[in-house]
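Presented sequentially are two complexes of chain A, the first with chain B as partner and the second with chain C.
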Partner chain A sequence: MTNVIEARDLSKWYGNILGLNEISLDIGPGITGLLGPNGAGKSTFMKLITGLLKPSRGRISVLGGSPWNNPVLFSRLGFCPEIDSFYEDITGLEFLLGMIRLHGFPAAAARSKAMAALETVELAADRDRKIKGYSRGMRQRLKLAQTIIHDPEVYILDEPLTGLDPLGKRKMIKLIRSLGGSGKTILVSSHVLPEIEALTSLIVLIHQGKILARGHIHYIRDLIEKHPHQISVICDRPRHLAADFVGDANVSRISFGPSAGEVVFETGNRDQFYDRLGKSLVEKGIEVEEISSPDDNLQAVFEYLTGK
Partner chain B sequence: MTKSSVGDWYRAAGRVFRFYFFLARRAVRTRLFVILGLVPVALAVIVRVVFAGKSGEVMAVFNDILITFFLQFYIVVLSLFYGTSICAEEIENKTLHYIATRPVSRSSVIAGKSAAYILLQTVMVITGLTVSYLIMNAPSLKTGGFFPLLLRSYAALFLGTAAYTAVYAFLGTVLKRSLIIGLIFGFGWENVIQYFPGSTQKLSVVHYLKSLLPYRPVAGGKLSFLLFRLEPTSPLASIATLIIVTAFFTVLACLVFSWKEYRFDE
Partner chain C sequence: MDVGTEVREKGYTGWEGRLIQRRFKWSPIARTGIQLAFRKKRFKPLFAISFLPAFFFLVGIYVAERLEDFRAFFREANSFIAVDPGFFRAYYSNGSIILFILLVLAFAGSGLIADDLKNNSLQLYFSRPLRKKDYILGKLAVPAFFVSLLTFVPGLLFIIFKLIFSGSFRFITEYPWLPLAVVGQSVLYIGFFGLYTLSLSAASRNSRYVMVLVVLVYFFSEILSGILKLIFRSPYTGLFSLGGNLNQITAVFFSQKTPYAFSPVWSFLVLSILAVAGFIFLFRKIRGVEVIK
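Right, the complex of A and B next:
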C-alpha cells in the first residue's frame, strides 16, 4: 500500500503543553478513522497534515511533500475543519465560488463545480441564503462542500458529523464512504465510536497526544469488551438483586448508586453478566425501571487502556 | 524565484484580491465607513447653505478642513481597521483554515488582500472627497481652478492609504492587540512627531502626505494649524518615501505571515 500521509516522530508543543508526542504513522488510500476523546490531539494532528501548524519535532509529509507553506499541495488536499466559522455576510454559493476561484478555475467552471458541490451536500436550494442564516447542520454540510469542491485526492475531515441530524449523518456517511471507495485517501476524526464504525473498519486510537493502537475495528471492540464495565440497574428490590450476585465470578464489585433503587455492578464480561441478570430478574420477579452502562464511552476505555 | 513562479505568485495574489475585494464590499463595516465618509459631504452642504454668497476665503478654509478630515482622520481610521484586519480577522473569525489550505501562498494572501483593501478604501475616500469638494466649489465648476489641488489630494490620499495600510498590516501580523498599538501610532505618534523640528518630523507618514499638498498661507488664522508643516520634503522625495514605506511594510507583513504559526486558541 502506498503511503499518502507519513508522520515520523512527530511532536507538537503549545508552549509547555504537549499536543502530540512522537507519533509515527502511515496512512494510505481508503478511509482511516482517527478516534479519541476531546483533547486527545486529533485536531492538532490534522492541522499538522494541512500545514496550519508546524511540527515542533519530527516530520510530516503528505503526497511526498511537507504541507507547511506548500500551496501546490493544497490543490490535491481538502480540509473540513472542526471549527464552525465562516465568512458570514455572503451566501453559500458565493462562499464556494470564492473558494474554488482561489484554485484558479475560470468563472464558468468554478460556477459549475460550486453548483455540483452544493447538489452533493443538498444545499442547492439554499445557495442564495446568507451563511449567517444557516442552521448548524447546513453549515456543517457547507464545510464539506468546500472540502470536496476541487475533487482532491486527500480528505482531512475533522469531526465532520458534528451537528448533523440522524438523517444528515446517514447521508454524510454515505458520501464519505463513496469517496473512500473511489480510491481517495480520507482521514476522518471523531470521538464517537459508532460514527467511526459506520465509516470505516480501520481505526487509529489516539489519546493524550499518543497513538494507543491502530488496527481493525474488531480489535478496538475487543479492547472495549475487556474493559471492566459498570452497569446500573434501577429496580424495586435492589438489595435482593445485589444479594443474588454476591460471589458471581463475572462481577468484581457491587455498590448502591445515588438514585433510589439503584444498584451498580462492575463486570469484566458484559455478555455473561447480562445473561445472568436477565435470568435473575425473571426468577425473583424483580421489576426493572432502567438498565444503563454509565461508563460505556470512549473516555473510560482510554483511561482503562492507559492504566489510569 | 523563477519567472514562472513569479507569474504564479501574481496570479494567486490576483485571485486573493478578487475574493477579498468582493468580501470587503459586502462587509458591514464597509457600510459604516461609507456613512462616516458622507459626514464631510453633509458638512459641505451645510456650509454652502449657511455661507452662501460669502467670500472665497471662507470656502478656502473649509476646503482645507475637508482635506484635513480625509488626510488626518478618515484614511487613518480606514487603514487602521482594514490594515490590522488583514491578518487579525482571519484569526479572530477563525477563517484562516479556508484561505491557508488553498493553492495560494501565504505571502500572496497578504499582498492580494492588502491591494483589495487599499483599492476599496481609495474608492471610499476619493468618492467622499470629490462629492464634498464639488459641492463646496460649485460656483467655480466652470473655471475648474480647484482641479489641480483635487488631483494632488487624490494622489496624497491614495499614497497615504497604501502606506498606512501596509504599516497596519504588518502590525496585524505580529501583534495580538494590533488595533490598540495602531491607534497609538495613528493618532498619537503621527500627530505629535509631525510637529517636531529637524529630521524627527520625517519619521511620520503624515509629514510626506502634507508635503504633497500645496501650502496656502491664505487659509491662516485660527485653522492654519490643520495644514501646518515645518520643513516640507520635496514632492518627488515624498512620493518615493511613501512608496518605499508601503513596499517595505507589505514585504515584512508577507514574510511574517509566511513564517509565523497562528493558533485560534491564542
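Right, the complex of A and C next:
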C-alpha cells in the first residue's frame, strides 16, 4: 500500500497543553476513519496534515512533502473544517468562486468547477441563496463542496457528519464513499462510531493525543460488544415495555430514566436487543416518541484500552 | 496498542488536477473584499458623497481658469483660486477628505480581518495555496482601492483638467514634479490608512466595534495632541497627532511650509514606526488556527 500521509513521532503542544503525543501513523488511499472523543487530538492531527499547525516535534509528510509552509501542496489537498467558516452575506456560489479562485483558476474554469461542485453536493438549486439562509445540512454540504471543488488528491474531513439529519447523513456518507471509491485518500474524523462505521472499515482510534488502536473496525466492534450498551426508549407505556423485557437474556438491567415515559435498558447484545424491541413495540402497540443510545460506549472502549 | 492491522491492497490513483501558478494570488481576496463593501447598507451613498470634495476642487480649477466668465460674481478678485502645488496640498490636507477616507474605510475595511476571525475563515484561506503575505496583500488591496480613488484619481484629474481648462502645458512645465508628488502622496495615504485599517480590523472579531475604532483612534490622536499642546506648548506635541504627521509629510511632497515647527523627518519616523508595528501585529494576529494557551 502506498502511504500518502506519514507521521513519525509527531507531537504538538499548545503552550503547556499536549495536543498530540508522539504519533506514528501511515495512511494510504481509501477512506480512513479517525475516531476519538472530543478533545482527543483529531482536529490537531488534521490541522498538522493541512499545514495549519507546525509540529512541535517529529515530522509529518503528505504526498512526500512537509505541509508546513508549503502552499503548493495545498492544491492537492482538500480540507473540510469542523466549524463553519462562511461569510453569511454571500451566496453559496459566490463563496465557492472565492475559494476556487484562490487556486488560480481563471474565471470561466472557476465557475464551471463551482457549478460542478454544487451539483455534486446537491446544492445547485440553492446556489444563489445567501449562506445565512442555509440549513445546517446545506452548510455542511457547502463545506464539502469547497473541499472537493479543486479535485484534490487528499481529503481531510473534520467531523463532516456533525449536525446532519438522518437523510443528510445518508447523502453525505454516499458522497464520501464515492470519493473514496475513486481512489482518493480520505481521512474523516468523528466521535461517533456508527458514523465512521458507515463510511469505512479502516479506523484509527485516538485518545488524549495518542493513537490507541488502528485497523479493522470489527476489532473495535468486538471490544465494544464486551461492554454493555445503554438504550433509552421514551414511549407512552414504559412499564409495559419494561415488563416485557424482564428475564430477557440480552438485557442485564432495566431502569426508569428522568424523562417522563423513559425506560433505559442495558444490553450486551445490541443487535438482538433491537430485533426484540421492534417486535415487542409492534405486538403491544406501544407508541414510541424517541429511541436513543445515551452512551455509545466508545468511552468505555477507550477506558478499556488505556487500562483505566 | 495495535489490535490488528489489515493489509490492504489498494492501488494509487494519479491526481488529475492541475497545478496552477498565479502571479497575483491575493487578487481573489481583494475582489471579494471590494464586492462585500458595496453590499453594505449605506455604503454606496457614502462612497458617492465622498467624491464631493474632489468635485468642488475640480469646480475650483474650472472657475480659476474661466475667471472672466465669473467676473460678475467675483468683481474684486484677480485670482481668488490659485491652482498651484498649494492647491493640491489643500486638497490632501483637507479635513473633509480625511473624514471621508475614514468613513469609507470604516465601512469597507472594518470587517476585512475581523469578519475572517469571527467566521473562522482563516483556516480556509491557509489550507489553500496562499501565504500569509498573499492574504495580507489581498486585504490591503481593499483599502488601497478605495483610498486611491479618493486621492490618486482626483490628483490626476486635477492635473488633467488644469491642462484642459488652461489650454496650455505651462502648468506642467512649471511644476514637472507634481504628478510624482501626487503619486507619492497617494502611496503615503494608501500605506498609512491601509495598515491602520487592517491593524484595527485584526484587533477584534467585532467589525462594528472596529468601525467605531477606525474613526475614533484617528480623532483621539488629534485631541490628545491638542491637550498636550495646551500643557507643554511645544510644537513636538504634533507628533502625537496622526493627521499632524501626515500633514507634515504632505507639505514636503508639495513643497509647502510645514504646519509644525519641527523637521518632517520626525513625522516620517513616527509613521514608519507605526507601520512596522502594524505589520508585526498583523503577522502575529493572522494564524490559520486559533491557538489555545
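Convention: the second predicted complex is superposed on the first by the 238 of 308 C-alpha atoms of A that agree within 3 Å, B and C clash if a C-alpha of one lies under 4 Å from a C-alpha of the other, contacts with A are read in each partner's own complex, and residues count from 1 in each chain.
Here, a residue touches a chain if its C-beta (ideal position, glycine included) is under 8 Å from a C-beta of that chain, and two chains touch if they have at least 3 such contacts.
Remember, predicted model here, so these are calculated numbers, not experimental data.
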{"item": "Side-by-side fit of chain B and chain C on chain A, or clash", "value": "clash"}
{"item": "Chain B versus chain C as contact partner of A:Y14, first or second or both or neither", "value": "both"}
{"item": "First, second, both or neither for A:L202, with chain B first and chain C second", "value": "second"}
{"item": "Touching partner for A:Y87 - first (chain B), second (chain C), both, neither", "value": "both"}
{"item": "Chain A residues touched by each partner, larger count belonging to chain B or chain C", "value": "C"}
{"item": "Contacts of A:G133 with chain B and chain C, given as first, second, both or neither", "value": "neither"}
{"item": "Touched partner set for A:S182, first chain B, second chain C, both or neither", "value": "second"}
{"item": "Touched partner set for A:T2, first chain B, second chain C, both or neither", "value": "second"}
{"item": "Touched partner set for A:G278, first chain B, second chain C, both or neither", "value": "neither"}
{"item": "First, second, both or neither for A:F74, with chain B first and chain C second", "value": "both"}
{"item": "On chain A, the residue positions that both chain B and chain C contact, one per complex", "value": "14, 47, 50-53, 71-75, 77, 79, 81, 83, 85-87, 89-90, 94, 98-99, 101-104, 146"}
{"item": "Touching residues (chain side chain A, partner chain C) in the complex", "value": "1-2, 4, 14-15, 17, 28-30, 47, 50-53, 71-77, 79, 81, 83-90, 94, 98-99, 101-105, 146, 150-153, 182-184, 202, 212-216, 219-220, 223, 305"}
{"item": "Residues of chain C defined as touching chain A within the complex", "value": "1-13, 15-17, 19-22, 25, 27-29, 31-32, 35-36, 39, 115, 119-121, 123-131, 288-289, 291-293"}
{"item": "Residues on chain B engaged by chain A in the complex (per definition of touch)", "value": "11-12, 15-16, 18-19, 22-23, 26-28, 93-106, 258, 261, 263-265"}
{"item": "Sites on chain A touched by chain B in the complex", "value": "14, 47, 50-54, 69, 71-75, 77-79, 81, 83, 85-87, 89-90, 94, 98-99, 101-104, 146"}
